[in-house]
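For reference, the structure I am asking about is given below.
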Amino acid sequence: MLIVMDTHATPKQVESVCEEIRMLGLTPHPMPGAQRTAIGITGNKGAVDAARFEQLPGVMRIIQVTAPYKLVSREFHEADSLVHVGNVTFGGNQFAVVAGPCAVESAEQIDRAAAAVKSAGAHMLRGGAFKPRTSPYSFQGLGEPGLKLLAEAGQRNGLPVVTEAIDAESLELVVRYADMVQIGARNMQNFSLLRRAGRCGKPVILKRGMAATLEELLMAAEYIVNEGNHDVVLCERGVRTFADHTRNTLDLSAIPFVQRTSHLPIIADPSHGTGRREKVTPLSCAAAAVGADGLIIEVHPDPDHALSDGQQSLYPDQFVDLIARVRAITTVIGRHLN
Amino acid sequence: MLIVMDTHATPKQVESVCEEIRMLGLTPHPMPGAQRTAIGITGNKGAVDAARFEQLPGVMRIIQVTAPYKLVSREFHEADSLVHVGNVTFGGNQFAVVAGPCAVESAEQIDRAAAAVKSAGAHMLRGGAFKPRTSPYSFQGLGEPGLKLLAEAGQRNGLPVVTEAIDAESLELVVRYADMVQIGARNMQNFSLLRRAGRCGKPVILKRGMAATLEELLMAAEYIVNEGNHDVVLCERGVRTFADHTRNTLDLSAIPFVQRTSHLPIIADPSHGTGRREKVTPLSCAAAAVGADGLIIEVHPDPDHALSDGQQSLYPDQFVDLIARVRAITTVIGRHLN
Amino acid sequence: MLIVMDTHATPKQVESVCEEIRMLGLTPHPMPGAQRTAIGITGNKGAVDAARFEQLPGVMRIIQVTAPYKLVSREFHEADSLVHVGNVTFGGNQFAVVAGPCAVESAEQIDRAAAAVKSAGAHMLRGGAFKPRTSPYSFQGLGEPGLKLLAEAGQRNGLPVVTEAIDAESLELVVRYADMVQIGARNMQNFSLLRRAGRCGKPVILKRGMAATLEELLMAAEYIVNEGNHDVVLCERGVRTFADHTRNTLDLSAIPFVQRTSHLPIIADPSHGTGRREKVTPLSCAAAAVGADGLIIEVHPDPDHALSDGQQSLYPDQFVDLIARVRAITTVIGRHLN
Amino acid sequence: MLIVMDTHATPKQVESVCEEIRMLGLTPHPMPGAQRTAIGITGNKGAVDAARFEQLPGVMRIIQVTAPYKLVSREFHEADSLVHVGNVTFGGNQFAVVAGPCAVESAEQIDRAAAAVKSAGAHMLRGGAFKPRTSPYSFQGLGEPGLKLLAEAGQRNGLPVVTEAIDAESLELVVRYADMVQIGARNMQNFSLLRRAGRCGKPVILKRGMAATLEELLMAAEYIVNEGNHDVVLCERGVRTFADHTRNTLDLSAIPFVQRTSHLPIIADPSHGTGRREKVTPLSCAAAAVGADGLIIEVHPDPDHALSDGQQSLYPDQFVDLIARVRAITTVIGRHLN
């Protein structure tokens, strides 16, 4: 950490800051410059708590040098983490594809979806039973009956299933029925839910929040891992920007950044990332090419009558085409889409 | 709602869309243009569900004409809603000031804070017992003991208290000890929590999420009101943008927009909105001038040793000065800061 | 265009708007709804000027249905436009690679760069002689002598050259020495420069501005084409968002959007789009996979001593590797990187 | 400046960086930490050029401690700069109001506008003759004849005039006819134009770009001042964000930030900052309360028939009301709106 003093900071103020640093058992390195003094800190194991210093008299700003995440960082654990869900692997040189409808709507719908994505080559089935919707008047998901239908469709088609939990109650149910838990973008900083996910005993997909920096995403993962659950797969699903031609702006540079900084796998969600069916396949190809560890894609047997997100769901035959293209790209970059 | 068809949409596709509209008991108004056909819809009471149409063949995009919020809209309820908490009023021509530390740290700290803000002229006391923190290693609040200390400090100093709930459990506790519940920015779209807040029997401060549009803020309020709780005070606390000179960008234009569109009161939080102590007073004056119904301000008896957010907390004497300036401005614009 | 009236608009106000529409020779279609009246307009050839209506009494907002760009739109010209620069083609199923240093620094540097990118497989040489720099104290480019060195290096190595013009004077010089003119992101809405570029007689690369919507990008291209120059290649180079792990956020969804909406070719600039050398190759692969018509890449013979943008410039051997990867991807998606 | 090394940087790489620092005549301060080494630099007068170090092997990132602007900084010049235009003063405790139409449209229109804003209390007249418009098909301003009309209207009504220059030619004309030159948001980083403005001999209003950080705004001002023109007034006019309820997001925190960091005056433009007439007055009051040195406001004698920006232009009687409110607020905060 580096503490930058005001131009008009007095020598006494500089000394007080140094004293505070020493009280924490650390070593201050004051560097007097022409305009101002900066004070480096060494001796710390992890990040030093900036709040201790930010408000001291004469301090202008604090610059973090060490990243605040620890357990999820590459520096802590150099090798790629592999996350296993049944016989599916996220990370390493595997490329995993999760697919299915936005929401579970009926036994027939989810079963048709499962069969379609399975035969196209997907490895896991998705489908929401608890839907976080902007409007209280929109379809909110079938709840526990939806979970049952999802689990049955998964078993019948030989696909492990993942579905979203939105609070303590739904998490308990999701853990009972699903193979993997999803924490959605709107709950990325629902720290209470993250902690519970860290103790739930199932692998987790953690989606990046709509306005989350990658540091915040990694800190959210740290909440989960810190409770003992190491099976976390991150997911880039687009961020909110001024751009208005897509629902969100898919930030594919997040993928090489996370892979350099963290050992956790990271997949992409071009369905939410773009919000428009016709952009899902090109952006899926781009995500594969940039090095993502997998994809999560919305596919509906009949998108024209979907109860939610129909306009970003693929028709089954579009998904067949997507898989073919993505497989060709993964081959070229040395990954396996089995 | 207006449905815009593709340039190459066939007459049959246009007719299918019209048929779908009629099936909902509504009236289609096709308008053939030189380049494309647009279809207006009338006969609806509230917003029509766009998802029904977005995915029909030949549809290019859907344009919402009617706002999706209903109970919180001015069109539904023309007069300003007044929210009462003890003898404090939000809305109308009152100007309410909530103040106190970011977090309750100790009996002495919260009591000194309460005495200081009371004597300066604040109407309510704030102080967090459950703190949503980016890092799992940061101070997370005292929990229930913190709530007790807050309640005692409020009673001793004649100030109703407000504090944040972050999940079902903490909400239950907050309702037991506090006069008003705060839903923080990170939980603005925690719909499960919003619904519970709608049934909790206490007035609520709902903060705008970091990347929330005002439509989303109003829809979040709609979740609470739709459960029967009409006592909702909105709060602008800054949004996330590319600008890096403040922690967030305080969007004061939100205040006249909300006041035109909704009957709910709206206050401003310049402490989180800027993240820097020296900007809190000027932005508080600006918020009063723009017509906010009140302020929520972080004040700490000893900011240099605060356990969180010290750098944005005012010293008690700075808060005295803030109140004097804000009072002068409210007088000029015809409001009362008692 | 659709004109949405206020809830409280009077019948007389609705009629005035209709009258105004008729005065323009167009047809109004009033649609009275439960809450408000909307008025559709037909009979127009291109976009109707919204300003005529926005300020009429009773008007709440205007919704554009027809896109405001004309000459650059797919609706105007269905087939892909091909832009030829010497024997290089942008568009169709060609994949063009432009490469070279950020700035021309010396005869030796630009010649070594040209030789390196040529032997790696690039089709064109880039290199700035007029550099728009945030600070007046940074290196601003060599000016005309730089242009001469660039042109010589291009000729010696058999590569057409492109370089940036920043005002009328530099444009005149650039046209004299270069095969293609670049208009940079900071000048995307320098309409005076765009008009001149439209009359300059050379093909143009037009970069998306840092906060430009795609509609604004296409309108900027419309300025150039409207002056008679149809040889415009668009370039996605990253936009400014809250994300802080890259210099800009490369918005790859722009590419399929532009290709659907416009007939102009579009390439990507992952060097500026990320600002970090180690992300240039993965994002170049992603841009190829998403369907871009080419790339523009910063390569420097000795990035460690570059006078500008060294940290985002590739070493020559990294560029060899990039070309190999990108070629493999273009093959898979049916394009040719010769 | 602080140079942060990679975790795996070798001692030799650290030493190379130190050597490079010494070669610049500066002093390196290596601080070996548990995870990585950081190297402080002292001995520099202004900002050190980061580019020299960013690309050295083993360097992870560079942290700037000293701000890159110099002539415009408070550290360089402690007292407020006052900018005089005729008998109008920007800065100190004066509050200056510039008003008039978006564009000069006719002799009668600009004269009526001038008379109206003068009688309401404005100090200067604005009106564009060269309009940067997104579309080539929109009204682009009257050019030189517009300048003449503006100058005449100013003289007839005793108001100095300001108008926008968009390139070298228009700047030359503007200097001939106007008392003050405006550089618009889209040209904030048109460095060629900034340099010319720095030599033009007239005071300048420099508007913040739509996606410009305050550091970039101050660096743009530095371009002007560095050419010898010290009479620069900055202007906050809203930035582009995801928020969609206003045209731009007026960032009022920019004003106290700039006043702390720079000696230049700064005014606000709530007309462009919000884009909606009904928000101009509340945001003008907010700008006055936050401490702005003045306002620039669009007022049109007949906004319903304005050729541009009608929906954000005030009616003359609305402007009378605005001045009354703003005057009351300036009085309260100790400024003079004469």
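Note that the chains are named A, B, C and D in the order they appear, and that numbering of residues resets to 1 at the start of each chain.
Please note the rule applied: a contact is a pair of C-beta atoms (placed from the backbone, for glycine too) under 8 Å apart; a residue touches a chain by one contact, two chains touch by 3 or more.
Not measured: the values here are computed from a predicted model.
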Which chains make contact with chain C and with chain D at once? A, B
Hey, which pair has more contacts between C-betas, A-D or B-D? B-D
Can you give the whole-Å distance between the Cα centres of chain A and chain B? 26
So, what's the distance in Å between the C-alpha centres of chain D and chain B? 31
Mind checking the centre-to-centre distance between chain A and chain D? Centres are C-alpha means, answer in whole Å. 39
Can you list the residues of chain C that touch 2 or more other chains? 211, 240-242
Partner chain B, residues of chain D touching it in the complex: 211, 213-215, 239, 241-246, 249-257, 260, 273-274, 278-279, 282-283, 285-291, 325, 328-329, 331-333
Quick one: in the complex, what on chain C touches chain D? 46, 49, 51, 54-57, 68, 132-138, 166-170, 186-187, 189-193, 195, 209-211, 216, 219, 222-223, 226, 240, 277, 303-304, 306-311, 313
List of chain B residues in touch with chain C within their complex: 2, 4, 7, 29, 31-36, 38, 40, 42-45, 63, 65-66, 75, 240-242
